[in-house]
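Here chain A shows up in two complexes: once beside chain B, once beside chain C.
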Partner chain A sequence: MIFSSLIFIYLFLPICLIGYAAAREMRLKNMVLIVFSLIFYAWGEPVRILLLLLSALLNYFFGIGVRKYKGNAAKAVLGVSLAYNLGMIGIFKYSGFLMENINAIFGSSFPVPQIAQLVGISFYTFQVMSYVVDCYWEKIDPQRSFTKFLLYVSLFPQLIAGPIVRYSTIAAEIDSRHTSLEDLSCGLTRFIIGLSKKVILADQLFRIVDDFLGGNPESLSVVGTWYGVIIYSLYIYFDFSGYSDMAIGLGRLFGFHFNENFNHPFLCKDITEFWQRWHISLGSFFRDYLLPLPIFGIRSKYLSLAAVWLCTGIWHGASWNYVIWGIYYGIFILLETRIGKKKMKAIPIWIRHIYNKIVIIIGFGIFYFEDTSQLLPFLKNLTLFNPNGFYGTMEQVSFCNNLFLIIAAIICTFPLLEIPKKIAANSQNAKITVSVLGTLTSAVLLITSSILLVDATTKAFLYYRF
Partner chain B sequence: MNRAEIKNRLTEIFQDVFDDDDITLTDNTCADDIEDWDSLEHINLIGAVERAFKMRFTVREVSGMKNVGEMMDILEERGK
Partner chain C sequence: MNEKKMQNIDVMLPEPQEPEKKPILLPVAPHSVDRILFSVNAVVLLFVMAVISCFLLFGERPTKSDEENRNLAVRPQFSPAAYFSGTYTAEFAEYYNDTVPMRSFFKGVISDFRGNLGIPYDDGVILVGSIPTIEDPDATQEETTEPPTKFAQVDIPATAPQKNTETAPPQETADPEETTIYTDTTAESETTTVPPTEPPADEQEDMDGEIANNILIVKDRGLMLYGGSKSNAERYANIVNQYKQELGSQVNVYSLVAPTAVSYYLPEKYRSYTASEKDTISYLNTFLNGIVPVDAYSILEEHKNEPIYSRTDHHWQPLGAYYAAKAFAASAGVPFAELSAYETVQLDGYVGTLYGYTNNAVFKDNPEPFVYYKPTNNITTTYFDPDMTNGREASLMLPNVEKLPSSSWYLVFMGGDERITRVTTDCTNGRRLLIIKDSYGNALVPCLTQSFSEIWVVDMRYFEPSVIDFAEEYAITDVLFAMNTFSATGNNAKNLETIMH
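Take a look at the complex of A and B:
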């Protein structure tokens, strides 16, 4: 089930909220959330729920085990847990890719496993890995109640596409929480903002992406290629940050306060800052758990940098373009590291903005083309070596037809919500006016999104694949 | 090596890694106080400290260190 569907918004969520409100004790509230989370995850493909339950059960014991035992025994439990978790991701996400490459390199013909993509496996597995490692490092105490641990693993708002919520972030709220009126109001508003980003912006932008990059990208002009990939960059931002908004908003409705996953990434001044603003929970995961590891027994920022960006690329999918994408970002971060923060800051701000936007946009182009044979023609078409000319009528027609959508999308990459917040801080009357206007805007956005959903085939979120 | 000697040695390493001779350390010095001390430079710093003191920090220590005081605590403990 996906958040941006009528069945979720008008059936699943209201029933879940009513059931949750009707449950008086925290234990019952947790049970309601677990049952609804399992229904949510099993929707359409019930078998995958068994793997989720198995992962929860094993990691529950791993967490207890790494603290119960000391020394090498604890290390052994940690090793088994990492092997299991990484092994599951490996089997369900990379086995086909690995076998295809083995066959290609060695000319062998081993059967390529056809394993269905397990939605959300990268997200929930990273969560449980962080839990077990944090238990091992004694940063947190293992959860003794399996029900509460299962709630952490399965909690539907963040189960499928993040943010990657650390156990420590919501440990206290799993035990005891209260949904205040402010939580309800903020949660609902945040959910509607996320829904609008997805349905009003991302899904509409995707139609353009499909026309340009999804059609015959090799025949595009220079401007057409840039246009297509710029629209794709906007699409992926609204799709993924829209999901994160919905996840954070839904969490808030049930009294959970998740960490933020985006911070207006396109406002970044360099690539290093972009990654401090984009998919923050993944970056902080690698920063905390991968960066401190000695690589080949050596602690060097260059080796660590290479490991982090290779893993960031591979994490996104079993395809070479993601590996290239990860290395591509690693190179620019390395470059910025070599230049140094002081010298980077000395570069005029407009040059830094042009530089990082070009890098980010081309990066998303690499991200888009899972068929790597299309990558080189795409990169060539971005330049004056493009054989199709500089400018075509296709992009002119598309730009004119979608002008308002594109302008709205660009404006929405800025922190617009800061404006009403500042106005509301002026006086009590301003606060009331902002509140009333905010409610009206939310209602209009919800109605608009719902109408668009009635009329459309629901598109899954891009990050469901990862 | 006593705590004062550790601090002096660490100061030299910090000055070298961050290329800034004006760095002075206290127990409370943390990443917020030194502009270039980010998560990546932290790894280089750790590597330089390990080489200078001929010891190895655990992954947990590298990840969990909050300030120079905690780093000195670990070095002092290992030096016993």
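Take a look at the complex of A and C:
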């Protein structure tokens, strides 16, 4: 089930909320959430629930194990847990890709396993890995109650497309939490903001992306290619950050407070900063769990850099374009590291903005073309080597046809909500006005999004695949 | 434990982020005003959600979509097997989303919303779908754009009269409508039927192969941008040549490849986004061997200021078909009736297939008339299933077509594509015509009822027997291939190979 669907918002969620509110004790509330999370995850493909349960059960014991034993025994448990978790991702996400490449390189003909990718496996497996490692490092105490641990693993708001929630973030709330009036109010508003980003902006932008990049990208003009990939960059931001907003909002409805996953990434001044603002929970995961490995660290700065960006790339999908995409970012981050913070800051800000926007936009182009044979023509078409001319009438037509949408999308990449917040801080009356207007706006956005959802062509979230 | 290490490399990696737990609307203060504002916000939003939930739960759910010409998803039956395979949940979600109460109204709102996302370019030009690849005139490789291969044909909808108790054998002078009607009462007559191997078409893209997925709207007219394909044009000509060879010299074979509206109504500055249908047809004709090419292009061009093409539909108007039929009759040397010999029927408020296909409000807001011509001479029409079984008499022109949703009005000809149709006329020249066609060919049939003694009509996408045997069995004297350029140089033409034998 996806958040941006009528069946989720108007059938699943109300029943879940009523059930949750009706349950008085925390133990019951947790059960309600687990049951609904399992229904949510089982939607569309019930058998995958078994793998989730297995993963929860094993990692529950791994967590206890790494603390119960000391020294090498604990290390062994940790090793087994990592092997299991990485193995599961490997089998369900990369085995087909691996075989194809082995066959391609060695000319062999091993059967390519046709394994349906498990929705959310990259997200929940990373969560349980962080849990076991944190237990091993004694950052957290292992959860003794399996139901509570299962709640952490299966909690539907963050189950299938992040953010990657650390156990430590919500450990206390799993034991005891309370949905305050503020949580309820802000959670609903946050959910609606995310829904609107997805349905009003991202889905409409995707129609343009599909027309340009999805049609015959090799026949686009220079301007047409840039237009398509800029719109795609906007699309992917609203799609993914909209999902994160919805997840964070839903979490709050049940008294959970997840960390932010996006912080207006397009405002970044350089590529390093972009990754501090984009998909924060993934970047911090690699920082906290990949770098401390003994082989990295101070001694091999570049090795760790390469490892992080290769992993970031391949995490996004079993396809070469993601690997290229990861390496691409690694190169720019390396470049920025070599230049150094001080020198970077000395460069005029507008040059830095132009530089990073171009890098980011071309990066999303690489991200888009899973079919790597389209990648070179695409890159060529961005330049004056484009055989189709500099610009064509169609991009003008499309730009005019979507003018207001594009303007709205660009404006919405800025931290707009700071404005009402500042106004509200002025006086009591201002606060009331802002709040009432906010409520009305939310209601209008909810109704608009709901109507747009009637159109069955809604695209699933892109990040579902990862 | 790794703080030090991390500080050394923090430049190149994301830094730890302070958890942000900011409320969206207001800074937190356990103040009574805040409590009231939070309550108001939560109550209002929950109320809106509750109202919509109830609306979706208790509102009357539609079962079919007139604009899209299809039945909507049905509620699946629950069974453990269906649940565990995942089909139940998937179908239920589809049902829930596909049959939203007042769906048609909301689709209208969505099309208005989309129509206002920007401004029309220049003189009202809107692009729907991607830009087609125009084939290099010299290219010989496989085509890169093909119209969608799936197709959904609407069969006789339920509103067609089921049985006329007064049915009498065809009278000499009777209007066909009064004497012959559909007696087909099988389930298919009430549903959107698709070829048996295809799943029910539920996406708008699943229109038949005659429609492009690249549509340019110029003011209030939809134009399908044509990709063109010289290699496919050759392929078409070769197949038709093969037919001629097999049919022998006794049978006259004609090829009528109809251009679409894009040839006549696309403003000059957009010419580069479409291949030339005229050139493609001429190119194709050069490969024909022993086959009479019918020049529909020129006669349509002469009349382009008349309403020969629908603005809101991907078909031509019956008037356009009439002119094309005239060109064919001239090529075939058969008599041809003037328009005055027909009963003209005008239906107003026609919003054709392009609205459902593009969901663009321009079409909904600018309906056009649909004008068709009923033969008044004495004809008898018999329909067969695509496997030549289940023959039954009915009228050539679908009665009461005005009661159907306007997007279905093109079904007035034989009620659609799928059936094999035989028309016996009072023409006494003894010539028996077989039309192998897509839906463009449907509109030709009434115009030829005074030109041939017998007309057989088969759709290349549905016909099951072998055309060659069929032609022999029914002593066909003339074979006409009639389809639009998208079919002739797209996937539809591949069917010509399969139905030959």
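Rule of thumb we're sticking to: the second predicted complex is superposed on the first by the 460 of 466 C-alpha atoms of A that agree within 3 Å, B and C clash if a C-alpha of one lies under 4 Å from a C-alpha of the other, contacts with A are read in each partner's own complex, and residues count from 1 in each chain.
What we mean here is this: a residue touches a chain if its C-beta (ideal position, glycine included) is under 8 Å from a C-beta of that chain, and two chains touch if they have at least 3 such contacts.
Just so it is clear, the structure is predicted and the values come from calculations on it, not from any experiment.
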- Message: After superposing on the shared chain, does chain C or chain B touch more chain A residues?
- Response: C
- Message: With both complexes overlaid on chain A, does A:S176 touch chain B (first), chain C (second), both or neither?
- Response: neither
- Task: Tell me which partner A:A424 touches in the superposition: chain B (first), chain C (second), both or neither.
- Result: second
- Task: Quick one: classify A:S109 as touching chain B (first), chain C (second), both or neither.
- Result: neither
- Pick one for A:K341: touches chain B only (first), chain C only (second), both, or neither. both
- Task: Determine, under the contact definition given at the top, whether A:K301 touches first (chain B), second (chain C), both, or neither.
- Result: both
- Can A:N72 be said to touch chain B (first), chain C (second), both, or neither? neither
- Message: A:S398 in the overlay: touching chain B, chain C, both, or neither? Say first, second, both or neither.
- Response: second
- Query: After superposition on the shared chain, which partner residues are touched by A:R287: those of chain B (first), chain C (second), both, or neither?
  - Reply: both
- Item | chain A positions touched by chain B in one structure and by chain C in the second | 137, 287, 291-292, 298, 301, 304-305, 333, 337, 340-341
- Note on the structure: The residues of chain C that touch chain A in their complex are 1-2, 4-6, 8-9, 11-17, 19-21, 23-28, 33-35, 37-42, 44-46, 48-50, 52-53, 56-57, 83-84, 86, 89-90, 92-94, 96-98, 100, 103, 106-107, 109-110, 113-114, 116-122, 125-127, 129-134, 144-145, 202-204, 214, 216, 269-270, 272-273, 359
- Task: Name, in rising order, each residue of chain B that touches chain A in their complex.
- Result: 35-36, 39-44, 46-47, 50, 56, 59-60, 62-64
- Task: Using the touch definition up top, name the residues of chain A that touch chain C in the complex.
- Result: 1, 5-7, 9-11, 13-14, 42-47, 137, 169, 181-182, 184-186, 188-190, 192-193, 204, 210-212, 214-216, 218-220, 224, 257, 259-260, 263, 272, 275-276, 280, 283-284, 286-287, 291-292, 297-298, 301, 304-305, 308, 333-334, 336-337, 340-341, 392-394, 396-406, 417, 420-421, 424-425, 428, 431-432, 434-436, 438-439, 442-443, 446-448, 450-457
- Note on the structure: Listed in rising order, chain A residues that touch chain B in their complex are 136-139, 287-289, 291-294, 298-301, 304-305, 333, 337, 340-342
